[in-house]
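Each in structure tokens, the structures are laid out below.
You will see chain A twice below: alongside chain B first, and alongside chain C after that.
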Partner chain A sequence: MTRLADSHLLRAAVLPVTLLVVWQLAVMLHTPSPRTPLPTHVVETAWTLLKTGDLPLALLQSFGRVLAGFAWAAAFGLVLGALMGTYRAFDRALDPLVESFRPIAPIALLPLAILWFGTGTPAAAFIVGYAAFFPMIVNTIHGVKSVDPQLVRAARTLGVGRFTILRTVVLPGAMPYVFVGARLALGVAWTSIIAAELAVGAKAGGGSTGGIGQMMFVFYAYSVDLNGIIVCMVSVGIVAMIIDRGLRRLEYWMLPWKR
Partner chain B sequence: METLTRASQPKLKLRGIGKEFVLPRTGEHTVALDSVDLDVARGEFLCIVGPSGCGKTTILNMIAGLAKPTSGTLTIDGKPIEGPGADRGVVFQDYALFPWKTVRENIEFGPRYRIGATMSRQERNERVRQLIDLVALNGAENKYPYELSGGMRQRCAFARALANEPDVLLMDEPFAALDAQTRVILQEELLRIWGEDDAGADRRTVVFITHGIDEAVFLADRIVVMSSHPGRINEIKPVALPRPRKPEIRADTRFQELVEEIWQLIRHEAYAATIKA
Partner chain C sequence: MKANAFNGKGMPAGARSDRSAVWPLLLSRKVADLAIYLRTMIIFLLVWQGASLWIGNPILLPTPIDVARSFVELAGSGELVSNMLASVWRLLLSFVIAAAVAIPLGFAMGLNRILFEMIDPTVELLRPISGIAWIPLGLFILGIGDALPTAIMFYGAFFPLLINTITAVRAVDRSYVNAARTLGVGEATVLRQVIVPAALPGILVGARLAAGAGWMSMVAAELIGAPSGLGFAVEWYRELLMTPKVLAFIVLIGLMGYLFDRVLRALQRGMTGWAEPRGVS
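Here is the complex of A and B:
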């Protein structure tokens, strides 16, 4: 790492570290209670949870559900979005439906999800997929519509058929927007998995649905361990950042013409 | 009609072409083209000049099959034009290169994806290599359009249009966005690639739209001079200058007289259009 990056990192760390120190001192000067998390205790708890493998397992379970939900959201979002962006008839028919469901928060579907799919992975993945579907479809539609019509005309004059144009011109042209949609979709998917698992976990009690959200619920409702909850929160943030960075890498690699 | 006798049947035949637009906001009717009759001979290099708004691009789009006339008929080899086809290559003013494809991928687009494409990968690669040689883009094969200069983009678009080996090349002000020097060089290149030194029958038929009268005189066998409101053919001027044409021909008095003659035909409208705008 260069000296410049070092100094940047250093400066960026000043504020958080100061806050942590103030927090630690503030709690230590009063009587510590289980209700007040302490930075040092958080680190301890994190270490224990890592050592036992509970935290990685929970994160992995949640991540699996996010991927499952995202996969179907991306598939439906891409296909429907491409159709709606290309054909006016599809747009007219589906737009009211999409726009009227879009404002309904994913978590509002929880009762349905639990009644239909129980308290396991399918219910959580359903919520996540629902949440991820909208950014995906909205951005795909926009991407398809923003493809330069001149490129489509050029392809037609080269004797290329309609469907091939959709595949070789419209979709590649829409890719930058699709990636924006995917990043937003994975973001909300990861956000809503916590909510879904928290709620599903509440319904399932201390049962074994797993996932980071349920782990939080257990810390909250059973062991009343606020340090554990903080550990979960921090790890959720870190995983979200890694997912986003990963997608950006993928985009950089897949869209060399946009660099 | 004497100039048409060198080929038995015209390659392109336009009869009574009219085009009306209705403005969606006001419902106002505009006559873009009014009963245009035009024959383009096989292997002919035809230029169309005229003031802005005379419908030259509309004519080109109709021949390309991208637009339909309101009245009249267009035929190629006697068959009506019903849509775009690989037999008519188009070079657009803004090039319309696929930004996510490299130079070689852009060039191979037609042979690879067109309806009924049968070329093997090897044949395609060979074709692309020849075209890259032809338009002198060696070394830029794997570059993306945004990495190219204007002149290189132009040559790439030209190679892409040639890749299908079309009988007819349609060019819509292809050199308009280039600087003057590049334009002059590419004009000479275009004549070389068109096959100025070959026998007339082996050449492609070219319809070339331009604002530049000197460009038209340098390139064309015949020049269609159009006028606007409504768009129609004002006059068709044969260019009697010998081929192959060398740059020195621009200094020839016949060259300059013809430029002046055509300018006189359109200057009133050009002034009017400029001042109105």
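Here is the complex of A and C:
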């Protein structure tokens, strides 16, 4: 059993370790410029950024924006999605709008957001909210529509009120889809906050809007620190992974009947 | 005439007289759908028009008529088409490269457990790092030009394709493979005639997700580091404060995204209409 686990770990480690060693050796043997990133330097930079608190602060700022945008998207997406899933008239009237706006890449709206809100948090939160809205609403509609109508009819036969049916039958039935929507929405939101902050940084000339994307832009344009950029990339990946795993865990925990 | 009692679809003969009535019914439903669609869009445009008149600043919110006018103007000058072609060309190029790398790799990883165990952890480490996060490093390595958006798009499209291919190959029913082997079919033929067709629906779902993800990351890459393309044009006209043109390009980005999805859905239906499409995102 332990030997099996060992061989799994070994196989998993071979490729990343080989890549890192090749990278390190290739740079050390060539040394084209002192700026070329090295795995050891990346670790050093990461340690410094963690110690000074810059990296955690930037990640928290970005994550705060993601949550702000996501809260709006979730509120609108859930309410509209529940209405559109329940009432056919709502669905037919609003579906053209949803389907017309959905294919517009959220980042494409960034220039417009900068015009409307300037280069601060509201512009970034707008992009995040826009990006997160569509996975939320589409999955909520789908979830509400997929609730077994027999259950609703049974509840109605027993004389349960409309609102109680919504709360105790429809919403729990739609929850698995809502969770999928939330997980997708937070994933896109995290991706687009990086783009928004990068582009806002690029346009504002490294202002003090903060966030991890901004930090990357400063490393890119001002201090020209490739090691720092790689540290940012890795931490963006780690946060994305934590968001994904965390929501999966939450879903497992909150929806025991779906296990 | 017993055979005449049922038509090809197993409908009772009595339904035949109604069949002529079905077509007008379907048609009238289509007309009703179209009417509802138009009603929604007209209300939306009226609200937009009203809002822009109320704000009264064409730089912040131009009227839909202004946007339509600049759309026509940009289309007439060829600027719309040239930027669109630049973006579509990059999309196609990177999509083809991503498919050429990811699909064979996905087959290899789906069929060979040891290979899967060796490569999958690295894939799972890289996958959470979005393509957009690679843009600053990509700018250093590739510079501003065609290469950066193409590379970022390749990265964005690669993972949905790879993961859906692996999942699709692994989900192929073993009994089909065993049945073919029992009948003495060679390994290459099993791959070509059993595994590839069975895995195709999942791969096409991956392709649709990949096109969506790639399109989004490419607009971002063009916005930041490209001398042409739709993302570039949006940002260029923002800097010139020509908002009607910004919105015209945004409309075009939406239209193109919609068209790609439609084409890939049609492809999916045409090639694998028998299957219930399922994807991993």
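Basically, the second predicted complex is superposed on the first by the 246 of 259 C-alpha atoms of A that agree within 3 Å, B and C clash if a C-alpha of one lies under 4 Å from a C-alpha of the other, contacts with A are read in each partner's own complex, and residues count from 1 in each chain.
Everything below uses one rule, namely that contacts are C-beta pairs under 8 Å (C-beta built on N, C-alpha and C of every residue); 3 or more make two chains touch, one makes a residue touch a chain.
Computed from a prediction, not measured in an experiment: that's the story for all the values here.
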Joint occupancy of chain A by chain B and chain C, clash or fit: fit
Which superposed partner A:93 touches (first chain B, second chain C, both, neither): second
More chain A residues in contact [chain B versus chain C]: C
Contacts of A:14 with chain B and chain C, given as first, second, both or neither: second
For chain A as apex, the angle formed with chain B and chain C - C-alpha centres, to the nearest 10 degrees: 80
First (chain B), second (chain C), both or neither touched by A:115: second
Which superposed partner A:25 touches (first chain B, second chain C, both, neither): neither
Which superposed partner A:237 touches (first chain B, second chain C, both, neither): second
After superposition on chain A, the shortest CA separation from chain B to chain C (Å): 5
Chain B/chain C common contact set on chain A: none
Interface residues, chain A side, partner chain B - complex: 148, 150-151, 153-161, 164, 168-169, 172-173, 175, 255-257
Contact set on chain A toward chain C in their complex: 8, 11-16, 19, 92-94, 96-97, 99-101, 103-112, 114-116, 184, 190-192, 194-195, 198-199, 202-203, 216-217, 219-220, 226, 229-230, 232-234, 236-238, 240-241, 244
Chain A-touching residues of chain C, taken from the complex the two chains share: 33, 36-37, 39-41, 44, 59-60, 114, 117-122, 125-126, 128-130, 132-137, 139-140, 215-217, 219-220, 223-224, 230-231, 234-235, 237-238, 241, 243, 246-247, 249-250, 253-258, 261, 281
Footprint of chain A on chain B - complex, ascending: 64-66, 83-90, 92, 94, 96, 98-101, 109-110, 113-115, 144-146, 160-161, 163-164, 170
